[in-house]
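Quick heads-up: structures coming right below.
Next come two complexes, and both contain subunit A; in the first it sits with subunit B, in the second with subunit C.
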Partner chain A sequence: MIAALVPYNTLVVAAAVAAVGLAAGMVGALAVLRRRALAGDAAAHGSLAGVATAFLATGRRDLGWLLVGGLVTSLATLAALVAIRRWTRTRDDAAMALVLGVSFGAGVALVTGITARGLPDSAGLEQFLLGHTAGVTAGDAALLAVCALGAAGLVTLGLKELTLVAFDEAFAAAAGWPVGLVDLGLVGLIAVMVVVGLPAAGAVLVTALLVIPPVAARQWTDRVGTMVLLAGLFGTLSALVGVVGSALVPRLPTGPVVVLAAAALAAVSAVAAPGRGWWSRRAAARRALVAWREGDLLASLARGDRPPAGADGALRRALADGLVARGAGGFTLTAAGTARAADLARRREAWARILATAPDDARAFLTVDLPDPAAVIDGARLAEIRSAAERCR
Partner chain B sequence: MDGAGGDAMAPVVEFHDVTVAYAGRPVLWHVDLVIRGPALYGIVGPNGAGKSTLLKAALGLVPLAGGRVTFDGGALADSRARVGYVPQRETVDWGFPVNVMDVVLMGTYGRLGWFRRPGRRERDVAGECLRRVGLADLAGRQIGRLSGGQQQRVFLARALAQEAVIYLLDEPMAGVDAGSQELIFGVLDSLRAAGRLVIVVHHDLRSAAGWFDGVALVDMRVVAAGPTAAVLTAENLRRTYAGQPAVLEELARAVAAGGRTP
Partner chain C sequence: MSPSVTGIESFHLWNIATAMAVAAPCALVGTLLVARRLSLLGDAIAHAVLPGIVIAVLAGGRPGGWLTMIGAVAAAIVTASIATAVASNSVGVGEDAATGVGFTTMFALGVILVSVAASRVDLDTACVLYGELELSAFDTVPVAGLEIPRGFITGCLLFAGVGLALCLSWKEQVLAAFDPAAARALGLPVAGLSVALLVGTALTTVAGFDAVGGVLVVTMLVAPAAAAELLVSRLHHVAAVAVAIGMAAGAIGYLAAWRLDTGAAGMIAVVLGAVYAVAALVAPEHGILARALGAVALRWRVAREDFLAAAWRAAEGGTATVPRGWAAWPVARWLAAEGAVGWTPTGWRLTPTGRARAETIVRSHRLWEAWLGRNVDLPLDHLHPPAEWVEHHIGSAVRAILAAEVGDSVADPHGRSIPPESPPPAGRAR
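Let's look at the complex of A and B:
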């Protein structure tokens, strides 16, 4: 049914770009974990000069050759970065600015020079700047899809090794893993994905396709495997939104739409993800604060004091929960309230002991809502702390 | 040493005239040191003395300006599977998306080789290692949500999972609570009892005197090395910590106190 409404070419291109988004997210996840996000940026800006040079050399717009050209100058840009770092005393950020500026400047000069002269078949070369999938043929799409799926497959195959090196380089090297080789593989994959992503996102924005989906994915999970998968999924979604946007609105470049879609996913993730998300952390902080105020209130009532200043909210909640009753002489604790206050006093006492004998554990696990130590510290460790406290007495 | 002299596989690490330099300045300078197992051996010295560099030099993580290091008489490349390593805790990002079990499993990667994923046997080994360091209940927890002592024990469990014969540990007691320190030393002691060679970069002389059966005092070169009691003398400490009189005085007291505890 869809095929009846959408041209065949658009469907094929959409499928290919989806594959590119998938692979970019997966490769990007490892790149971000290995802190190589900026390598992607340098590779992307360096690719343009190669695309233009390949066009001049072959004299036609054959996507395969253009991408090979892009890959060559991408890798050359990365090599220049490594060389500057190794043989000069230039700092990393300055080296990055230098390499990025020079390689991108050369690329833009070549592309605008070619299109301004109106060389035959040169129209559309500037689409590599911002990406424009509407001009991609079915044959080109197949090439993109094969490269992307190959990269995704390599990431899956080497996930164990890439994770090990990203997590603990020194341990990996000490255990005999060739860290340099693994890194070279990762940087190679980054360069390939940058180049394959050019038609979809363009040289300026393709890094975003590598970096933003992993950042969004990280919010939802604490496992590398899941993160890689989610980043691939987010990449796919963003790329598809870009293709559809570019197909619906004439002359709208794909890159900005892809990036905006990915950014929207990242924003939603940063706000709404359970655990790491802003909303979830704020709610947890609020719960802790509410519990803290309630404990404060119950403690002062248990001592026979008046409710502390600013405890109105806590007082209202405690009344509603049946922990506090309004009597003739003011507020008093109910039986449930007395029990809760005693419970909290016990916990405070327990944490004070832990803080005295094992400050390290207290720093790691104590929150103002006074959780039961047994709920946050594992049993064996807690028994250890208790017996240490016994010995101190 | 202990009557097992005929055992060809008794572990030994030898530093022959090792010099390491950063930007032309020596960090280690003509270091000669032979450490024979089974033993629990301490590398002790002031801050910046090159203790960690000594381990990194042995593991080929920093280039040697001169000299060589041998494991069981041969090159490190021939002994990789026999060597386990515990880096300093600050060297990794503890916000990394892996849980405790994932990290311990990394110890089994060396035996698995390229592209093979850990399976049932590896999980069993890792679980047993976690039990030995008292973290069996925390296998599924993200590593950032652990205390400093627990993080260090995760690293120790990962090294145990390497099932090595020679263990090199870089400051495993730094930022670690007393309970964890006791537990870690207990595990290291059991490794020694099982015939392993355990080499520990360590800063606290009090516990050094209590646990190590051999010690090397290092300050760019080896000031003294040998059985703990013979090495940790007032004279040797004065030579190692020269220029730090306040430290010295405290150390002398610490050693005097530590020497009496078992």
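Let's look at the complex of A and C:
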């Protein structure tokens, strides 16, 4: 039914762009973990000059050659970056901005020069600046999909090595892994994805396809495999939204829509992701505060004091939970409340001992909701701390 | 666009003047960005001001006018706060990724606004990407009877404003750039200076935006300062050279684009890149060529000194023989031309000058061995390698100190005598 409504070509292109989004997200996940996000940006800006040169050399708009040209100048841009770091005293940030701007300037000069001469087919070149999938044919789409799926396959195959190098370079090197080779492979994959992503997002914004989906995925999980999969999924979604959006609004380039879709996913993730998201952290902080206030209240009632000032909310909750009863002379603890207060006092006591004898363990495990030490610290270690505390006494 | 009509030539001149006027404040702000390692903030701001500019234009502002400047500053501050918020709030995401998220999103938003509102505003995506320096001469305001391009006036005013602000706060800026901790300890408003730099970047970006487009502004900001830093060291020299480079590149880039029939924006960036490349190659002190030549000169001197020392030891009847073979031949020829060795039927022989030079080197070597043997707990066979390296690098002053410490008459740890200090040969620094 969809096929009846949408031209075949559009469907093929959408499928290819979805594959590009998937692969870009997967490669980008490892690029972000390895802190290579900006290398992708430099490669992206550098690709334009190669696309334009390939167009001048072949004289027509053959996507395969244009992408090969883009890949060559992307890698040349990265090589220039390495050379500047190695042989000049220009600092990293300036080197990055310089290489990025100058390589893009060369691309812009070539593209505007070609456009000004009105060479046949040259209008299509500007699509590589901000991305435009409308001009992509079914054959081009197949090429893009094959490259993208190849990159995704390589990431899957090399996931263990890439993860190891990203998280513990020193260990990987000491264990005899070819860190330099793995890094080179990652940078190569980044350059390939940047170039393959050009038709979808353009030289200016394609880096976002590599960076934003992984940042969104990072909010949901701590496992690399899951993050890579999620980043691929987010990349696919944003790429599809981009294709649809630019098809609906005339003259709207694909790249910006892709980026905004990815950014929306990232914003939702940053707010709503369980554990890491803003909402979840806020809720955890509130829970901790409530527990703290309750402990405060129970402790002062157990001492026979009046409820502390500002404990109205805690008092209401404790009354509802049956921990506190309203007596004639004020509030008193129920049997459950007494037990809870005793338990709390015991835990405070235990943590005070741990703080005195093993402050590092306390710093690592003590949270504001005052958990039972036995629940958070390893049993053997806890016994060690206890015996140390005994000796001190 | 035939250049024969005087009117057209004058519009080219005005365009060049505008390019130079815009490049100057960009280079000034860029000097501080580069010195404070904030180049990428400049890049991010240059991308991120786009939605601010577009909204200001939609609200009735004119590209390059006051309203767009306010919009750009607002957008820059919003982006900087977003990037800070993302970086400080999300665990596991690096600062680079956070910046990458922030500025691409803002730029994408700007492009979408431009695309959707293209029919209503005086902006399109080409202008966003390339600027419209070529047309700047036609957007004029009358000043004292002359039609002056707006871009030129904006550039000049910004240059004056930024220049004045920098002159008034130069000491503070230098301190904040090179020792922010000390600046904070002295009570300088380092955060305030950063915000001022942010605002300055946003303002110059608006001017650069009209001239070369949103993506290439970063080149006008960073490249002149990066090239200048290779050539000179003191920050006010860097600023002056950066302004000169930026203005020259603006003019040359425009002329090159005109001759090659392409856009000025890209060519200005390419010229700036070329200037940087040349500076990196030929900078007097830190240039690639200077350092390569220095390395070659050092190796050549070491080779000659090693030859002299080996010949001296051979004459002493010790362990070493006079070097022979093809590798030693050019060294010996050179030394012969200097008058340090002469050819005899049995091989190369030191002349009196050569013997004096060789004795200096051997003296350095053996003094160092003696000092090491006395002061450092090293086995005997470990004394030679460091001495072999150090002998080429110590002068008479260090030798005098070493001699005083080890006692002048002693032998080296291998039992060979240390030759006496020979008088410095004429015309040689060492």
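As a working rule, the second predicted complex is superposed on the first by the 393 of 393 C-alpha atoms of A that agree within 3 Å, B and C clash if a C-alpha of one lies under 4 Å from a C-alpha of the other, contacts with A are read in each partner's own complex, and residues count from 1 in each chain.
Here, a residue touches a chain if its C-beta (ideal position, glycine included) is under 8 Å from a C-beta of that chain, and two chains touch if they have at least 3 such contacts.
Owing to the predicted nature of the structure, the values given are computational and were not obtained by experimental measurement.
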| item | value |
| --- | --- |
| Touching partner for A:Arg218 - first (subunit B), second (subunit C), both, neither | both |
| Partner chain in contact with A:Val102 - subunit B first, subunit C second, else both or neither | second |
| First, second, both or neither for A:Ala270, with subunit B first and subunit C second | second |
| Subunit B versus subunit C as contact partner of A:Gly176, first or second or both or neither | first |
| Touched partner set for A:Glu384, first subunit B, second subunit C, both or neither | first |
| Partner chain in contact with A:Ala291 - subunit B first, subunit C second, else both or neither | neither |
| Broader residue contact with subunit A after superposition on the shared chain, subunit B or subunit C | C |
| Residues of subunit A that lie at the interface with subunit B and also at the interface with subunit C | 218, 222 |
| Subunit A residues within the subunit B interface of the complex | 33, 157-158, 160-161, 163-164, 166-171, 173-177, 218, 221-224, 226-227, 357-361, 363-365, 378-381, 384-385, 388 |
| Residue numbers on subunit A that touch subunit C, as the complex places them | 32, 35, 37-38, 41, 45, 84, 87-91, 93-98, 100-113, 116-117, 126, 129-130, 204-205, 207-208, 211-212, 214-215, 218-219, 222, 249, 251-253, 255-260, 263, 266, 270, 276, 278 |
| Residue ranges of subunit B touching subunit A (in the complex, touch as defined) | 56, 59-61, 77, 80, 83, 85, 87, 91-93, 96-99, 102-103, 106, 109-110, 112, 114-115, 117-118, 134-138, 142, 145-150, 158, 162, 168, 175-180, 183 |
| Of subunit C, residues touching subunit A in the complex | 34, 37-40, 42-43, 86, 89-94, 96-101, 104-105, 107-109, 111-112, 115-116, 118, 125-126, 129-130, 213, 215-216, 218-219, 221-223, 225-226, 229-230, 257, 260-263, 265-270, 272-273, 276, 280, 286, 288, 291 |
